[in-house]
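Chain lettering (A, B, C, D and E) follows the sequence in which the chains are written, and residue indices restart at 1 in each chain.
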Amino acid sequence: MPGQYKHKHNIQKVGMPPGTLLHTGSMRNEKIKISMLCYSKDDWTEQQLSNVDELLQNDCIADVNWIHISGIHIIDVIEKIGNKFKVHPLVMEDIVNNEQRPKLEESKEYIYIVLKMINYYEQTVNIEFEQISIIIIRNYIISFQENDNHTFQQIRDRIKKTNGTIRTKGVDYLAYALIDCIVDHYYIALEYLGEKIESLEDKLMLDPGPNVLKEIHSLKTEMLFVRKAIWPLREIINALARGDSVLFSQDTLIYLRDVYDHIIQVIDTIEMYRDMVTGMFDIYISSVSYKLNEVMKILTIIATIFIPLTFIVGLYGMNFKYMPELEWEWGYPAVLIFMGVISTFMIIYFKRKNWIGNT
Amino acid sequence: MPGQYKHKHNIQKVGMPPGTLLHTGSMRNEKIKISMLCYSKDDWTEQQLSNVDELLQNDCIADVNWIHISGIHIIDVIEKIGNKFKVHPLVMEDIVNNEQRPKLEESKEYIYIVLKMINYYEQTVNIEFEQISIIIIRNYIISFQENDNHTFQQIRDRIKKTNGTIRTKGVDYLAYALIDCIVDHYYIALEYLGEKIESLEDKLMLDPGPNVLKEIHSLKTEMLFVRKAIWPLREIINALARGDSVLFSQDTLIYLRDVYDHIIQVIDTIEMYRDMVTGMFDIYISSVSYKLNEVMKILTIIATIFIPLTFIVGLYGMNFKYMPELEWEWGYPAVLIFMGVISTFMIIYFKRKNWIGNT
Amino acid sequence: MPGQYKHKHNIQKVGMPPGTLLHTGSMRNEKIKISMLCYSKDDWTEQQLSNVDELLQNDCIADVNWIHISGIHIIDVIEKIGNKFKVHPLVMEDIVNNEQRPKLEESKEYIYIVLKMINYYEQTVNIEFEQISIIIIRNYIISFQENDNHTFQQIRDRIKKTNGTIRTKGVDYLAYALIDCIVDHYYIALEYLGEKIESLEDKLMLDPGPNVLKEIHSLKTEMLFVRKAIWPLREIINALARGDSVLFSQDTLIYLRDVYDHIIQVIDTIEMYRDMVTGMFDIYISSVSYKLNEVMKILTIIATIFIPLTFIVGLYGMNFKYMPELEWEWGYPAVLIFMGVISTFMIIYFKRKNWIGNT
Amino acid sequence: MPGQYKHKHNIQKVGMPPGTLLHTGSMRNEKIKISMLCYSKDDWTEQQLSNVDELLQNDCIADVNWIHISGIHIIDVIEKIGNKFKVHPLVMEDIVNNEQRPKLEESKEYIYIVLKMINYYEQTVNIEFEQISIIIIRNYIISFQENDNHTFQQIRDRIKKTNGTIRTKGVDYLAYALIDCIVDHYYIALEYLGEKIESLEDKLMLDPGPNVLKEIHSLKTEMLFVRKAIWPLREIINALARGDSVLFSQDTLIYLRDVYDHIIQVIDTIEMYRDMVTGMFDIYISSVSYKLNEVMKILTIIATIFIPLTFIVGLYGMNFKYMPELEWEWGYPAVLIFMGVISTFMIIYFKRKNWIGNT
Amino acid sequence: MPGQYKHKHNIQKVGMPPGTLLHTGSMRNEKIKISMLCYSKDDWTEQQLSNVDELLQNDCIADVNWIHISGIHIIDVIEKIGNKFKVHPLVMEDIVNNEQRPKLEESKEYIYIVLKMINYYEQTVNIEFEQISIIIIRNYIISFQENDNHTFQQIRDRIKKTNGTIRTKGVDYLAYALIDCIVDHYYIALEYLGEKIESLEDKLMLDPGPNVLKEIHSLKTEMLFVRKAIWPLREIINALARGDSVLFSQDTLIYLRDVYDHIIQVIDTIEMYRDMVTGMFDIYISSVSYKLNEVMKILTIIATIFIPLTFIVGLYGMNFKYMPELEWEWGYPAVLIFMGVISTFMIIYFKRKNWIGNT
């Protein structure tokens, strides 16, 4: 379960001065990758920078300059970038702290957005959360990502195409495109959850064992995390779409409202899924109860028929000297018939009660 | 269960530029049907257009021009219409995407409304959702519908009648009429749900088996979908009825408020149904518990009466050489009487406990 | 359960033009009764009109003219009255549709209020809902009621008394008096529900059978309907008491706020009752569980004591040739003593476990 | 359960004109006690008035004049006081109706506050609700209380002390002091509830029987009533503390905000208690389930071990002529050993399943 | 469970005049420790004052003067400090009352903040609540703490360092630093709760006994208290961060917003934990049910197989004179085979039902 006890890392920061950069994710050995994609309506250039100092010397003067940093575990790099663009230390602290709640911070110079990407891994059939920070500052967009997994490759491709609309628009549109891409991935998470629900419902109908219960519980917990990652976006995108910021043009606001609609839809679906999973839990409980009932009916039928019969045969197994029945010639068949009558009566009784027949 | 995993289709769109038209419903082979109904107070004309180009050349100049498109699966057609009326690409994208949440979008030139029709099929006794988009633009109303199932036939008939009020009113009234027609269909869905609840309650009282449980669960899920389809309308119609848009005349607002009242009533009823279904679930659980109790009482009565008796007869079935009782002449009847006394005592005990008699 | 599937009737209206009058209650054969009570400070006259045309010709010129119509099933009558007072067709549609949600509609000329009367029938010990519509228009009050059951008789009497304050006040005060009378009846419904809860709690403690369960469920459903009928009033009376309408004088607003307080109190109590009924349900479940436990304890005690004993007596009932114990003179008493010891031990064990003694 | 069906009395009022004074509490024979405490910074006088007419003739001219009426069951007395101070008839109606919801009514001349005192009786270990009405009018405070139980004795004493701050302040401060005193008593109710919860938790751990269940239920219901009595105060005190009324000086508002904080704290605690009681209920249910499990394990162990053994001994109790085993010399010991092996195997099996050992 | 019945102490205050200082925590014998840390950008001095009078004579004139009082149990000390700084008596009352709800009080001269520190004790693996009051008044910060446990040691150290940013900022920044330090400690509480949940989930999967149930319940209660302590902070910090107070500079507001984000995150996590704990409870219940089912299956299998067999062997243990089967030579083997067939049939039946195999 990714992220469950994420806050643990924060404890290292107790009492530290604010603005202390401390990466809270797993320390990776890989280098941080920095790519720089600068484009105007007519042209584009892309650079893979080997280290952060190249970036600092490099001044892009295209209409839109998109700096993408894959990896936030080398504090030094983030700090240098932050300083170059005069970003508040608290923002830098948030970027390297991968346990951030999605949020939006607007200052006069820049907008800072934290989002949670939900990556779905087909091989392991699970989802993982990744923090993505976006800073919009003048004609720059700086995006930070924990890992290096080509999330935004399609956007790169669209930019490089001559005829893409994206090239005719500004940084605000690129910011929208990044957010839209992340929100689109939420649909994959929804599909994943939907399929899990579907498969659990099937299992529930066939054989509700304790494994199904564990799966329902872990699905529920997973849904809590997805909800926690997505829920705050509603407010964030709404704030952006209201158009208070000068960095977003009127034209782009329409697109943001579209993203807003998607988020609402995603949240609606998650809420519905939660209701459905809760319902599944109730079904589990009541199937188990129902099955217990069926088990007990069988036991009761068997016991109720045979215990009196066993008593009767025990009766005539007594060794009393004077038991007239034992001497009768027809004693044995009489007892057999008597027991037959009793069990027939019992079976009719249970049939009337609908215990036999629908078992 | 219609629409349950609808978001699946959206995944194809991950990373695509906005405004990419992609039909997300089932691809049908049928042609898109376009009908055009133009009317003024005194006159009306109706045309069935064979293809979209006819529409593009055709300029209706009546007071109200209603273009109805049945089928949204041919992207090309929708795109052409959108371009003719200068509708934003995002709106066109929403029209062909049949997994839209009901919503309202107002721009300076037009109002775009997405609604969910709930069709009830009597033969199969189930309901299905269908997306209906309405664009109100100058003296045009353009309505898009997934299928071709005469939803609005009654409105057509009313327009064609000489004395219908609808002919004396403008596009806003027609828009109201369409919305009202859709909302009226929700009552049919409510009736369908109400009848299901009624029949499930009956089944629950007669014999609560696992089938009833499944039906309750599927009813619950169905209700979640109905709720999801209707709930956003509250806000939408309220926004329209507030009368912020110049496209709606003061006169029509009264009618919209009437529709608003209907929606509130529908939502109220659905919420009440949800409470009732939840209650049914509780009843199921407790009936099963209660029945288990009854089963166990029978078992316990039988076992408690016969197990001691069986012990006694076993006792006198022992083969000890020296068992004085076995030699007594009245040993056998004495044991019989003793056992009779015990069982009488037991039966009285159980009667006192109210276990026998109300079983 | 009154009103449960009321929306059924609405289906007849699907696709009909708005303002189509269609009575949705049960069609009764009785004639509609119209009474007219006109009063000023010093005088009053009362007329029972035989048909609606008399009303139309009759122009009351007293300070307050109260027209009361019992029966809304003859469309024609309602339509004529509506036309005379220039009421909007949608309002007339609402009056004859007895499945209206309580609501308030204010236009420039009149105020239209729909309320639900809750009638309690002592003989049948049940409650029924009745729709009451009130139109306040100039110095007229027109009230519509489904049945003819003297709901407002006390108000009539108060008007006819010389010294009643009601005579010195205007239509707004009469409107208040009518609403107050309806709200007062809610207390009777509350009493009815409170008594049902009380009696169910008693039954629950004595013998929680499936009948109690059914009663709890039906009480819950009934409460849902009561709540649905009363809840919207909160908003309605609040809107009136805010005093936005010129039809209500400052003096009357104090009275309306009093009614508002009553409604809040009624709603509070209903919410509390709902919590209590939910609690009763939980008690039912857990009593059943507890009883099952007790039943199983008895079974287990009996089985645990006697099954081993039965084994022992079975042991010595075996017919092996060489069983030395059988030959011993004291074999039989030894076995009896041994079994006595075992059962004593068992009983002590169960006493320690508190199973015997508090059963 | 105090107050549970309080609304019953209101039924007597159905249809009566508003302002009809009708005492709805229990009719007591005692006389109404009226005390009058008038004080300024330097002086104070206290009078016990024998009847209401004395009060009417008596005009206090001190800075603060506090009239306290113990008993609201003699309508005549209340009516006379109301008339003297020109209080609205509806307010007088509310004063004598002891089923009022806590509320605040502000008019130009006076402020009327209804509160619920919660009295805790140590002897009977229960709580009771008592309605207290406070009218603040010019330099008068009139307080009405159902019973005569020295609730405000401490405030009296503080006034009579020469150095009390209360003497230097106005009516608004006295009003605050009265409210504060009532709210302080809520802490006693909280303590009472807290102790009940504590003792129920202990009982729950020791032996969860049906009595505990009843106690939990009655505690829950009691909490519902306490909550209903306190909840509306939040709004009332907040309204007063906002300082809209000219009757409250800026200086006193600070004290009211303090009371407001207390109310929030009381409500917080009650909500927390409710969560805790709900949790106790869940524990009850699951303890019962768990115990059932334990019971069934014992039964199953006994039955599983002895039923097969009983079969075996029954087998060799058969009377077939030709049963070779019976003739063997070592048949009996062989069977004994075989049965020993079977039961050992069974016991090991149950130990593995952790059924034996932790029972 | 810390703080559970904290309100008890408040009862001593019933009826007392407001502003009466009454320490409600445990009375400790230790002296109150007063430390005074005064610093400007370039310099700092720290004093440990032996008694309160020293403080009163001592006038710090540095930029920021931080007076920290450890211990609030000596009323006299608090009163003197309060008087020196002209703090309202109600504030002083709140400081010594350690059962305060977190709150914010702004007056013209000072801001008063009450917070709850959550201390985690590693040795005893439990958490405890401690009330911390902060008064910001001109260039003074006065902080009150119940115990003397070096909570703010790290902040002291940062101040004493020459290069700390904290030295360059004013009292508002110090206030922020104190609040931030407290909020940072909440993460430790979260970790503690998270680890408890994790360990309980493991226990739940291995062996869900009544101890686990008790632990879940106590965890739930503990979470209620943590939530109660943290929840009000949301509002408080939000109010501060809105920047209404002149005491907080624009520059510090950014930091407060950062703290606000942390609080939201903490609250989010607690809410999620609550959902998870509720889920664990459901799992407990259903594991117990499931296990009961398994137990009953075993019992039923054993009983269903052996009870009929025992009947058969009992049958041939009867002592009737004329039982032909007993005389047959192959009677015994025939019966054995017959019983083998029956049990095989039974086992197949149970295998089909999936009762055997997955047990």
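The rule we apply is simple: a residue touches a chain if its C-beta (ideal position, glycine included) is under 8 Å from a C-beta of that chain, and two chains touch if they have at least 3 such contacts.
Since we're looking at a predicted model, the values are computed, not measured.
Asks: Given a C-alpha superposition of chain A onto chain D, how large is the rotation in degrees, taken in steps of 5?
Replies: The two chains, chain A and chain D, differ by a rotation of 145 degrees.
Asks: Report the inter-chain centroid distance for chain B and chain C in whole angstrom, where each centroid is the mean of the CA atoms.
Replies: Taking the average C-alpha coordinate of chain B and of chain C, the gap between them is 26 Å.
Asks: Rounded to a whole Å, what is the gap between the Cα centroids of chain A and chain E?
Replies: 26
Asks: Counting only residues that touch at least 2 other chains, which ones in chain C make the list?
Replies: Residues 285, 289, 292, 296, 299, 303, 307, 310, 314, 317-319, 323.
Asks: Which category does the touching pattern between chains fall into here: line, ring, star, complete, or other?
Replies: Topology of touching chains reads as a ring, each chain with two neighbours.
Asks: Please give the residue numbers of chain E that touch chain A in the complex, ascending.
Replies: 153-155, 158, 164-166, 177, 180-181, 184-185, 187-188, 190-191, 194-195, 198, 205, 254-255, 257-258, 261, 264-265, 268-269, 272, 275-276, 279-280, 282-283, 285-287, 289-290, 292-293, 296-297, 299-300, 303-304, 307-308, 310-311, 314-315, 317-323, 354, 358
Asks: Which part of chain E faces chain D closely enough to touch in the complex?
Replies: Per the touch definition, chain E meets chain D at residues 4-5, 7-8, 10-11, 13-19, 88, 90, 99-101, 103, 105, 207, 209-210, 213-214, 217, 220-221, 224-225, 228, 281, 284-285, 288-289, 291-292, 295-296, 298-299, 302-303, 306-307, 309-310, 313-314, 316-319, 323, 325-332, 335.
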